[in-house]
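What follows is a pair of complexes built around chain A, which joins chain B in one and chain C in the other.
Take a look at the complex of A and B:
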């Protein structure tokens, strides 16, 4: 119970700061919207390229990627907040006040999720407003959003582990860059079949490719590679959970 | 709770090659104010960090409220409150929000959180500022809020790490009053680190003097002062030409020592000699402008134990550290 109390407190404080400070809230909403409108609008003629076979059109095709990207970066941005707390000393208050410290990681995780739900809601509403097609059933859509939640949690745990090891905002690029790389080495702008050369070779082995493909399948109502996508996502969550909790132990040892 | 509030045996903390704390043994009884006095970099904060479970010891053992700081961290944290050297506050939260967050972290029920926040804001004189964001608070207000935060869950043991550093005299006195009240009325045990001699002298029931990671002296302030020093008497004659005669008279009562304005002796026995000095000066018809008795200070104790004065040691430590953090703040 005390772990949950700590998690609730940490989540409340993180969300309070995000939702009462436009400078923290707006970027997490504006960036996904910017990517969505830039990609879906500026590259919309890709739908006419021979071999582009996504049945719902390019807006829906891009929506899935931007949704997953916003989930991943939502987790990373929360990692920035953790690093800021260590740098400013507030994390020490949490470590000192929380009888059960695992609740601190859980609290940051809850905050990352709630924050991303807000972004995802805005993004979905905007996408529907600009004519995004949806072919999947309610169950399919739940599958898409659960995949995004898994991406959010995995990225948060990764960033949390980095933040607790380095305990400075200067570690921001270490949190961000690998996530950026694995996302953009997936089939972002065109389907996997249209990629050529080294980028195709990397995309084929990139587990995020399966997650993106599965997400697009859910939206279209023809789920593909679901088992692999969820398996890869959950493996990332499990691996990064160990990474994050070991990071917490390192932060505790460093005082 | 039976037994001491805080016990440490052979406590050591090493940072790379520096032994910040080098084998500390201490016992703090329940309900007492223990002053941990020493210059910057002596190992005070590192000791507090180990006792509050913020930092694992490299060697040795410590028990706080009967719980082992290494193996029973959650129980230790539930039973202590701590206000560390830098008040780690969130500038975006109000004072009241801080208190409610702290209560929430301690798992206190919602209705009690609200009541406790109001009560503590009132106690530390922040009722009016309670709904202002902390970024608008002065240094003294932040310190008072930090103290209130440490008290949210009514801990039995309170750690205060240099609580008055940087405070004006009014805020300092107010904080001393509150610490005294906590011990007197609530029976709270206070472990207080300070580099201010006066603070240790006024507040602490017992004082441990730490230097280079070792406790070099321990006892009540009076015991410590009595152990190393005798009072001095300083006489300033009304007529500047009478210095030599005054020196000869008071030399009967002690050993001559330095005086800026007149002549002085370190008394051979006790301050009871003061009456004898007054009688001797009067008998010799020597008129005096000033006659002062100086008690030995804790700085004299530090000087006797380490060969340096506490203020000098602080500067020396700063120089040695060369601006690099050898221990967490």
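Take a look at the complex of A and C:
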């Protein structure tokens, strides 16, 4: 119960900060919409490339990537808030006051999820409004959004671990850059089968590739690589949980 | 040069985006009407313009810091001319822009890109890098002088990023299928800057593309420098 009380307090404070501060809220909504516009609008001709066989069209194809990207960056942006809390001294007071400190990580995780739900709702409404096709059933769509939730949690835990080790906003690029790399080394613009050369070799071993491909399968109503995708996503969550909680211990030790 | 972040980010980030896009969008070369069979050659123009956007940030952030720390106020006590203040600020940005151009060019040549315009085209490319750094740098100094805030200058970066992405950055304008996007890319001056560099690499000598590219740079530079000079006068008079 004490852990949950700490989590609820941290989550409420983080969400209050985000939803009352336009400079924090607007970028997390606008950037996914912008990427969706730039990719789905500018590159729609890619559906004419020989071998491009996604049945729902390029808007739907890109929606899945942008949804997963928004989930991951929702986690990273919350990581920025953790670093800001350390810089301002609030996190140290929180460490002193919290009876169960694991609730701090949990609270930031809940805040990241709620924040991303808001972004995902806006993105989905816009995508449907501009004519995105949906082939999957309700269960398939739940699968897609659960995958996105897993990405959000994994990215938050990664960013949390970094923030608690460095305890400064200057570590922002360390949180953001690897997430950007891992996402963009997946099949962003074309299906995996159309990638050639070194990027294909990297994409094949990139765990995010499985998540993106499975997400596109869910939206099309023909789920593929579901086991691999959830396995890869949950492995990332597990690994980054260890990373985040060890970061919490380091922050505690640093005082 | 003593701030690694100011030098490394403009070098690494555009190269990384080039690597990601040229790998991921290679299949685009199979579209009928695509102007080359090498996507790296097509995309090599992007780092030059993206690097120039970083010039805006560098010029603006450095000048804003001078304003915030009071250094610019102390300069007003000296007989230094406004032109010298702006020239000194932009000189560093241009040198960094040329250094970036050398790196982007070296990466392009290393991965097998060949310039259709030959060695003379490379010289023109450096002249363009000079102009584009001056043009975008002047916008950065203008933003710094008007706002006096490094954070406000940094806040411009997403806006410039929108200009970059809503352009012919990843696909030729005639192959953009969505009408509003094609119209926006056509109205966007960044498309013409990209196409000027791209013409030297994949076409050879295209007078129209070069005239548009250099012309737009010149217009931005004249407007940016004139307004910066006025903004500096206003700020020094306070």
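As a working rule, the second predicted complex is superposed on the first by the 255 of 255 C-alpha atoms of A that agree within 3 Å, B and C clash if a C-alpha of one lies under 4 Å from a C-alpha of the other, contacts with A are read in each partner's own complex, and residues count from 1 in each chain.
The rule is short, and it goes like this: a residue touches a chain if its C-beta (ideal position, glycine included) is under 8 Å from a C-beta of that chain, and two chains touch if they have at least 3 such contacts.
All figures in this text were calculated on a predicted structure; none of them were measured in a lab.
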Chain B versus chain C as contact partner of A:43, first or second or both or neither: second
Chain B versus chain C as contact partner of A:253, first or second or both or neither: first
Which of chain B and chain C A:197 touches, first, second, both or neither: second
First (chain B), second (chain C), both or neither touched by A:2: first
Which superposed partner A:93 touches (first chain B, second chain C, both, neither): first
Shared chain A contacts, counted only where both chain B and chain C touch the same residue: none
Touch list for chain C against partner chain A, complex: 16, 19-21, 23-28, 30-31, 158, 162, 165-166, 169-171, 175-178, 180-181, 185
Contacting residues of chain B [partner chain A, same complex]: 49, 52-56, 73-75, 77-78, 82, 84, 86, 88-90, 92-93, 97, 101-102, 104-107, 149, 328
Sites on chain A touched by chain B in the complex: 1-2, 5-6, 8-10, 12-13, 16-17, 20-21, 88-101, 252-255
Sites on chain A touched by chain C in the complex: 27, 30-31, 34-35, 37-38, 41-46, 48-52, 181, 184-185, 187-190, 194-200
